[in-house]
Each structure stands twice: as structure tokens, then as C-alpha cells.
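Take a look at the structure below.
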Amino acid sequence: MIFPASGTGAWEAALVNTLSPGDKVLMVETGHFAALWHGMANKLGLAPEFIRGDWRHGADPAAVEARLVEDRKHEIKAVCVVHNETSTGVTSRIGEVRKSIDRAKHPALYMVDTISSLASIDYRHDEWGVDVTVAGSQKGLMLPPGLSFNAVSDRALAASKSAKLPRSYWNWEEMIASNKDGWFPYTPATNLLYGLRVALKMLLEEEGLENVFKRHDRHAEATRRAVRAWGLEILCANPAEYSSSLTAVLMPEGHSEIAFRQVVLDHFNLSLGSGLTKLRDKVFRIGHLGDFNDLMLCGTLSGIEMGLELARVPHKKGGVDAAMDYLASQPAAASAGKRAAA
Amino acid sequence: MIFPASGTGAWEAALVNTLSPGDKVLMVETGHFAALWHGMANKLGLAPEFIRGDWRHGADPAAVEARLVEDRKHEIKAVCVVHNETSTGVTSRIGEVRKSIDRAKHPALYMVDTISSLASIDYRHDEWGVDVTVAGSQKGLMLPPGLSFNAVSDRALAASKSAKLPRSYWNWEEMIASNKDGWFPYTPATNLLYGLRVALKMLLEEEGLENVFKRHDRHAEATRRAVRAWGLEILCANPAEYSSSLTAVLMPEGHSEIAFRQVVLDHFNLSLGSGLTKLRDKVFRIGHLGDFNDLMLCGTLSGIEMGLELARVPHKKGGVDAAMDYLASQPAAASAGKRAAA
Amino acid sequence: MIFPASGTGAWEAALVNTLSPGDKVLMVETGHFAALWHGMANKLGLAPEFIRGDWRHGADPAAVEARLVEDRKHEIKAVCVVHNETSTGVTSRIGEVRKSIDRAKHPALYMVDTISSLASIDYRHDEWGVDVTVAGSQKGLMLPPGLSFNAVSDRALAASKSAKLPRSYWNWEEMIASNKDGWFPYTPATNLLYGLRVALKMLLEEEGLENVFKRHDRHAEATRRAVRAWGLEILCANPAEYSSSLTAVLMPEGHSEIAFRQVVLDHFNLSLGSGLTKLRDKVFRIGHLGDFNDLMLCGTLSGIEMGLELARVPHKKGGVDAAMDYLASQPAAASAGKRAAA
Amino acid sequence: MIFPASGTGAWEAALVNTLSPGDKVLMVETGHFAALWHGMANKLGLAPEFIRGDWRHGADPAAVEARLVEDRKHEIKAVCVVHNETSTGVTSRIGEVRKSIDRAKHPALYMVDTISSLASIDYRHDEWGVDVTVAGSQKGLMLPPGLSFNAVSDRALAASKSAKLPRSYWNWEEMIASNKDGWFPYTPATNLLYGLRVALKMLLEEEGLENVFKRHDRHAEATRRAVRAWGLEILCANPAEYSSSLTAVLMPEGHSEIAFRQVVLDHFNLSLGSGLTKLRDKVFRIGHLGDFNDLMLCGTLSGIEMGLELARVPHKKGGVDAAMDYLASQPAAASAGKRAAA
């Protein structure tokens, strides 16, 4: 399903198409966006339950399993997890959470937000048995914001037949009926659909999805090496959950990320991500996803390294060097540059 | 309020922010889009009442008044009217319906869809006491689809405090809170906001809204003269309700608008509007709104006149002549062409 | 040869690569552009001879033959003809002039300006034995101005070996040497080369050159029918030499084309061609070449018909009608519109 | 004067408008482009004399003075110098050469090529008494190639009245006559003129020419520090003549710049400048002009540093570090980033 809306709309579509007022939903507090989705569930009249987290780890498969096992009456109707937490740079292990649900033999629908992971980090809607995947246009798909997506399993579709939350704009049923003949139930975001065709050609045909994922993994590792060389701390506490889309970095105690980002913006026209809610003024975020290459990364890391200097943030030099050492020692295919230029 | 969504989303926003499940809503069947809005109210769990219409007239102020007078208990919470019915080319008299509500001394909120009239046909949100105006980007604002709008009165805002329909994406409260500092509660359709700035400059500063309305009125009258010269019938039955955005034309008995439009598309790359639902295969629609000038209109009417010939639809010649006679006898300001070129 | 220059540069390239100071050149006065080329030959130190003309006919093959026969010593080194005179809307019969040269058994090089005919009107560089064809980017090739071309025969290339006019920028020899490896002897107009690739794909693959020519012929005939219906006179006096790129129209005695064009520009943002030098204030010109379709033509003719009315130029109505009658009676392939939309 | 041509055309215009066949011209061999200009003078029938150079220094004011003093009969009609040699990254001291001419009391016209310096490096046409300045669109003016320029002194204009080289396309006289009313003697490169308006607004109003020059100086110094840190040699031998537009770097003995640049292109999609003619396979060139900022420079230098590693070119690390140290210690105005973003 393609909605003329930003990703938040696709979250809402996932919930209102499959659930009924008062339904219990199990959500996992991985960060700011998980919290927003949880808030949305509340506003829509659902009864979300939030497995608390420290914003430095992904969803804990064991905790999910434990809670589901406990739910003998199967009151929990859905488990909602954010694949890649844009606020923290932590990627949850979606396949392992699936196994937890299976081990608990729990019939809850499984919903996953891939807004900042789709087409950047490996993700398997079918293989991992996800019932509703939520996605958006403005990250890995390299488009302006304004399109969002639901990929839907047969179970989710079946659930939508009896779900009672009111819905109209987000209604899957009418979307499916219209799409059959190439239409939409209301005006689609036409220009973005043209862009989507080009983006998919670039991702699937020109570079190849495997290479896209490798490129993101490589840039993320180079970024982390730079961060460590600066003597700064990566927010994500579990190396198995490092995000390949972005890296959040803790500011040294007593230093403001807001002030730091302002210096970087003013001097280098580089806009870093801010710390959101709980992390306000505590972390800054380095995006390395989408239409991005080695030298854009080096330019980005250079802006940060010089910004740390200008803002008098305690740090060691050598971050860019560490990134370059890694990139040069693990070169992409010699044709990577050429392909991008084609 | 600006939503990253197409116009249908702004309809939903108007309803879910102000109403509660089961609320009575008085709607007026002016055509396909009024019927869709009525259907949406049903899906959202409201109790819409539909004043039936023949799809050739606008909302009847007297009928609205009569129904409201009858509603002594004030169970009707909102009156919803489509300003310009895109399916019929009929423009409802929004100011007169306001007077009907006032005469009935009824407290219902007044909601108006201006999707195909805003910035094309004169419209007064404040002066006409509209509580929620619904609009979109892709008609008179000359942008791609993907932005929609709610203009909201103090009464509507007050109603939103107690309205009980679940809402999150469409929630005015969070939008207002975020907008205060120049932000949005979720990712806005950034590129369209840039386009909006340009469109508003063109409409308000370069051409001037008065001139924009005059231009649309003039093109609509020229179009109707062409239609009459062809011996065809305009769908809109009340001259006081002619639309300046588009003109719907009845096909002669026994002739298919679908076949006719195909001929026009194939030969002239001109895409006319189709007949919708009740009007399927019975009318075609000529759009004359947005970024449009005299010669684009003449080209459009020429394509139709030649198409009628090629599709062997019974008609008289002279439609383009009639339009040109009118346009040349009522010239726009001599500077109109120049301004457009600036 | 592709030069980063406008068409006038390609004229110069044709002359300086093949001729020596004082060389006799036979040129034919078909209109303003032929006169400019003649002026250029003078400035470059050649001795051009001008077969006078009335600006209403193309090059006269018999006159060319007579002059060449007379030139027993073969002092004339080149015959230069403008294929399509943009100032008059007259197309010279290049193939017949070739036959004249052959009948005269004269060894002069044959140079032809196709700036406003290439990719609009049938033209055969090889078949007609042209030695240097001159062309530009901004007409039938649908690009901005800034590229110009020389197509060169073996005889012209041989002549360039001994030609003594100084040359550097326009030097074919270095261009050919560089082009071999895909380079240019100096910075080419890169962005226009990308555009050229797209334009050639549209002309040769998508529409097909035969169809392109037919489209231009059809629009030219429709235009002439409109002109005749208005009771105005076409400048081109010989129907065998009507241009399919543009039509020049004589203003009625006592009426100013300058004033008329201003009215049309002011009211309709339509920019007609002016009368040049000898034809100043006497003719206006209707362009119908390049990226142009039936409805653009009808819009153009409508602007002229209304402009004649507004400027009070004596005329009969019915020009647009005459054009539409012809276009509808001689429809392009039903797929023409579709193809343009693809 | 604005010509629809690339910079090479403006060289030709400078010569053909002011000189006569056989005229002596004093040129200075600063590198590849000076040699090309010298070659052009030969082809046009002039008698250029070339002050030999080692391609590592700019024009020597003393050598120019000595030669002019020697020319008692004033046979030398023009002195031609390239301000910034794009092939070597050496900037000649144009003001000092002016003083040499003055000291020699020689009436020769003074012509300067600013193709790769205009709007990047400080230059004073009037103050330095230059008679013809030659420029192009595709470097500091940030436009595609296709426009070139002559700025002309009264003395040059006077010389053009008696100059005897044939000319038509490049003729100043007709250009000046047409320009008076806002026209051109032939079709100009319209789209680039629109671009020029925007570029001039960016340079003169938004950033300010002083800041533009400072930005280029700063990036050039940072680049040189990187080169030195790598242990590589800058081609330009005289620090007073370092170019702020680009830096040419000598490859270590036994290493091919062609192979090196290919590695950089393949891996990083970064296209460095090649070694031209005498410098073939010996230097590579780093461009840092036009629409360029600190992080683009860091990205560029990173690509080179990693490329040196991948291509196994002997070097020390730390080039990017050296550049960053300098950039951060000499920050541009805190508003520089913001301004670029406005």
C-alpha cells in the first residue's frame, strides 16, 4: 500500500486497519520514535504496553518472549518494533524477535517500522514473518518526504476484516480495490511515484540491493572508527545492534550538542541530527544513508572533527584518519565509483 | 494546518478533530466528491445525513435551512458542503448557506471543501463564517498533489477540545503546538512547502488574487460559449452556480464520453476529465484552472472541437470561434500576457 | 563537427575551412539570413557574388546554372544557399540546385544552411551532394542555442587542406583529430551535448524522422489555410517552396506588424516573429517547428486571430476553423498524441 | 562582449579584433594554455614570439620588460599573458607585468586570459591597465561552458578600427552596436545568460567578491598544506604565484598520474585534473574553485589521500589532517555556512 503521507501516516495505517478500540498492543521502548508510535496507539484508543528500555539497546527478544508467554489469554493483539531507531542509531534484531513470538506460540500480529532502514539495512518482510511493515520515502529511497508504505501479510489482511478502529484515508481495503486497475482511491502523490520508479531502478538494477547494504555497513563502520578515535562514545551499547543508517554520539559531560551542532552548521553548512526528547542536548547524530558515498562521508566527518575543535569539545584528533584507513583497507569494488557516475 | 497528505486527508482531519462517534452531520449531495465525503463520515462512525441532489445544482440554502430548523435538539453537529464540485462543475453558494444556518439559529459547525476552488474562485473563510475550510495543493495552487490544508475557526478549535473521534496523524492540537516554533509534529512534505512559497508569491504578489479570479471567470464563460455553440448541454443547471474552475458537458444521447475522451487523448494528447460514478459515460469535463491562459484554453477547445468531429459526435462547429469572440471582446488587462511572462 | 557556438559560427566555419582570401563565392539572396551570410563572406575577405532575389522565392536553380556556365574559368569556389529562409518562410530546392551545378559541370563546393530546417524539413546531405551543411541546435533539435554543426563531404575536407583563410577556433582538422578519441580541441558545450543525445532519441527513435517531417508539413499546411481564411497573403510566392518550419504573412497595406505583434504579446503572451530588414514592419512570422503539436498550433492561430481583431487589422474570421478542418480531416496517426505523452 | 562560445573563442576574439596579419605578438610560455594561445596566434597568421618558461613559474615581469625595451621600433603589437595557468596552478603577477610594460614605455596592447581566475582570484582589468581581458563561464562563474567574454579598453577599441585580420563572428563592432538596444548580432546562448544573472547575484550580492576571493585563498592554502604533509611537491615553484583556483602536484618519480587518477576515479568517483602535454603522466591537478566549500575540499583531499594508498604511491599520511588544522585555525566568518545555505 502506498499512501500520500509521511511515515507517521503509515504507522497509523498499520494500527487502524488491524486493531479495535481497547486492543492491547505490546510495544518496545527503543527510543524517541518508538515512544511516538506508542503515543499514537494511545491517542487512537488502543491499550499499548511499553517494554521499557534505556535508549541504548534494541528490542530485547527475551523480554518480548517473556511478556507474550505470560499473556495466556492472548489479549495482546500486536507486537510493534522499530527496526532502526533514528533517534539512537540502534537496529533491533527483527528476525530474533520473530523467533521469540514463535517460541511463545503467540498469535499477535508483528508490526515493524522500517522508515530509516528500508533500502539501507538488510530487512526481510516475508522471511521474518512480519505482518505489517511500515516505510517512508525520504531515507533509503532517496526521495522527498510525502510517500509512505505498508507491506501486509495475509494474516494482517484477514485481521483488517474484523478490526473496528474507524478508518477511511488509511483504509487498505479500498486501496487494494483501486490498485487492481492501476488507480488509487484518492489523488496519489504523483510526482513522488515517478521518483520512486527511478529510485527503485537505481537500488535494484544499477547498484543492486546487496551492494547497497554493503555500502551502508562500510560507511557505518568507518563512522564508528572515527567516533572512537575522537575518544567519544557511541550511544548504541550493543555492537550487534549498530545501525548502518546513522550513528548517534554522546557528547562529553558538560558539553551541549545544541551548541556544537550550531557551530558545525554555521561554519560548514553541515546539518547534524539533534538529540531528541530524553537525549536532548546529550547526543548528536551522523546520518550516512541514501545517496551517499565515501567522500561525502569523509567530508561529513571532517566537518565534525573541525567542529569539535572550534566548539572546544574535548576530543582527540584522528577521526577522519581512522575512517580513511578503514575505507582504504576495505575498498568497495573498483567499479563502485564508476557505477555511481554512470 | 498543513498536512503531508492529499485533499482527502484534510476532509478526514476536519471530521476527526471536531466530532465524536455517532455525531449527526448534515451533508449535501452535490456530486461525486460530496458522496465520497459522506461515505468517509460513515466509515469514521459518524451519522451523516445526506440532502439528496440531482448532481446539476449546488447545495440548496433553503433545504439546509429547513432541515436545521427541524433539528430542534441540535443533534446535527456539522454542516458539510463542497464549494466547487469537481465532478459536476457546479459551485455552491457558500455565503448563502451560511445565512441559512444563521436564520435557523443552529449551532452546527460549518465545513467547506474548497479543494478545486481555492485560489481559483472567490472564497471567504472568515466573512462567510466557515468553521473548517478544507483545501489541497494540486489545483489552484498549481503544485503537485501531496499537501492539504485545514483553516479553522475558534469555534472549531473549541469543539476539538471535546471531540472524541480518535485521531493522531490529523490532530490539530499537536500541529498547532509544533507550528509555533516553525516545526511540524512529524516530517512535512518539505519540497512542496518550497513550491507553496513560490505559488503564493505568484498568486498574491505577481498576479493578484482579484485578477486570478477574473481570469478564471473569463475562461469559464468562454468555455460555456464554446459548449453552447457546439449545441451541447452544460451539466450545471443553474447559471448562478457555474463553476469557474471547470465545465462539465453532457454527451448527446447514445454517445460515450469514454470513447470520445479516448479519441481526444489519442489524437491530441489532451486529457479531459471523465464522468464519475452516476455520470459515468455521460459527461466529460473541461478543466480551466491554475496555471492557465487564453491560448491554452483555445488549444483545449480546439482539441475538443476536432475530437467531436473525429469521434462523430453530433455537434455544430463554431465553439472555438464563440470562445475567441468573447475573449477578444472582453480582453484581459493589456498587461496580462506580459505579467505572465515576467 | 560540433562547435560550441550558435549557427552563425557554423557559417563561418564552412567558409574559413574551405576558402582562401579573395575567393569568389556565389550566394543567393533568399532573404535576411542569406544576406547576413553574404555580409560575413565580405568581412572574411572573400568575394561573394549575390544573385538578387525578391525575398519571396527560393534560390532559382536556373539562375545558379546560368551563372556557373558563364564562369568558364571556374573562379567561383563555392555556391552557398540557405535551405529554409527563416526570415521569409521560403524553402529552397536544394536537390534541384545540385542538379544545376552538375549540369554546369562546375567544381564549386556546395554549402547549405539548414539552421531552421534540420530535423523539421526533409534534407539529404549525401543524396543531394552537399559539401558543407551548416546547422544549429535551437530549432528542430529542440535545444537551447549554443551548439552548431558542419557536416562535411570528402571534397570539402580535401579543399580544407589548401584553403588559406586563417582559422583556429573553427578548424576542422583539429576537431577531427580530437574527436577520434572522444575529445574536443577545447571545452565543448557539455550540457548541450547531453541534451542532444535526448533530442536525437526523441527524433530518431521515438517519433521517427519521417513522422517528424509529416508533422511539420501538416502544421504548415494548416497554418497556410488559416492565413488564407483571414484573407491575408503568404509571403512565399511559390507553393513548391512553402516552408514547413514557419510561415511569413504580409500585413495589409497601412498596418504595422510591429504594433500588431505587440498587441499579441501583451494580450496573449505569444511572441510572433518580426519582419527583418527589408521586411521590417511588413510581415510577421508564425513558427511551427520543433516540440510542437496540433493544439499548440491551434492556440497560436487563436492568438493571431484574436490579435488581428484587437489590433483592428482588416481580416476575415475563420482562420482557426480552416486549420481545424484540415487537421481533423487529415488526422495524424491515432497514436501521435500517445507517443508524445510517452 | 559576450560570445556564445567557449573560452578559446574569446582568445580568438581578442586577437582578430585588434591585430593585422603578420603582427608581432609577445606571449609568455607559462604552460599548456599559454602554448595553445600561442599556437592560435600562429594559425591566425600573426607572428607570436614566445618567452620560454619552465611551466613552474608565472610570466616574468623582468623578461617582458627586457624584450619590450629591446623592441625600439615597437613592432610588438600586443603582450599576451595567462593570468592563471590551469595546467600548472601558477598565477602570473598581472599588475607587475603592467608596470614592466609601462617602464619600457611600450605601446603594445596588454591581453590577459582570466578563464580560470575570474571570480576566483583577485583581478583588476582597469587598475592594471589591461586592454583585453578574456574570460569564460565554466569556472569561477559556476556555469556550464558555452559563454565567453572580452572586456575591452578604449585603446583596444581604437586598435580594432584599423586591425586587418578578417573577422565576423568575433567582431566587436557589431556586438557593441547590437548590445546598445539589448540585442545581439546573432543568436546568443540564452539559457546561459539567465544562469549568468544568478551567478552574478550569488557572487556580488550574496557572498561578496572579497569573500569569494578569501574563500579561494583559504582552500588553496589548505590544499598546499595537505600536499606538503603527504610529502609531495607542488608544481608551482614560486609561493608568490600560487594559484587559488587549483593546485598541481608532481607525482613521485616512477609513478604514473594517469594510473593514479584512474584509481581515484574508480574508487571514489572523484575526477582529478590530468597532466597536460609536457606534464603528461607527471602531475595531477586538484581544482578548488567555483561553487566549493570546506567540506567539499576535505572530501576531495580524502579521496586523494586514500587514492595514494590504494595506488601504492609513496606518501606520508596526514594531508587531510593538515588541511583541517588550517581550516579550523583560520575559520571563515561564522556566517559562511549559513550564507551558502540561504
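By letter and in written order, the chains are A, B, C and D; residue numbering begins at 1 in each of them.
By our rule, contacts are C-beta pairs under 8 Å (C-beta built on N, C-alpha and C of every residue); 3 or more make two chains touch, one makes a residue touch a chain.
Every value quoted in this text rests on a predicted model; they were computed, and no experiment measured them.
Asker: Would you mind naming the chains that touch chain C and likewise touch chain D?
Answerer: Common neighbours, chain C/chain D: none found.
Asker: How big is the gap, in whole Å, between where the Cα atoms of chain B centre and where those of chain C centre?
Answerer: 47
Asker: Could you put a whole-Å number on the gap between the CA centroids of chain A and chain B?
Answerer: 38
Asker: Express in whole angstrom the distance between the two chain centres, defined as the mean CA positions of chain B and chain D.
Answerer: Distance between chain centres: 58 Å.
Asker: Give me the residues of chain B that touch two or more other chains.
Answerer: In chain B, nothing touches at least two other chains.
Asker: What's the contact topology between the chains, one of line, ring, star, complete, other?
Answerer: Its topology is that of a ring.
Asker: Within their complex, state which residues of chain D touch chain A.
Answerer: Within the complex, chain D touches chain A at residues 263, 265-270, 293-296, 298-300, 302-303, 305-306, 309-310, 317-318, 320-321, 324, 327-328, 331-332, 334-338, 340-341.
Asker: Where on chain D is chain C touching in the complex?
Answerer: 4-9, 12, 21, 36, 39-40, 43-45, 136, 138, 144-146, 165-169, 171, 185-192
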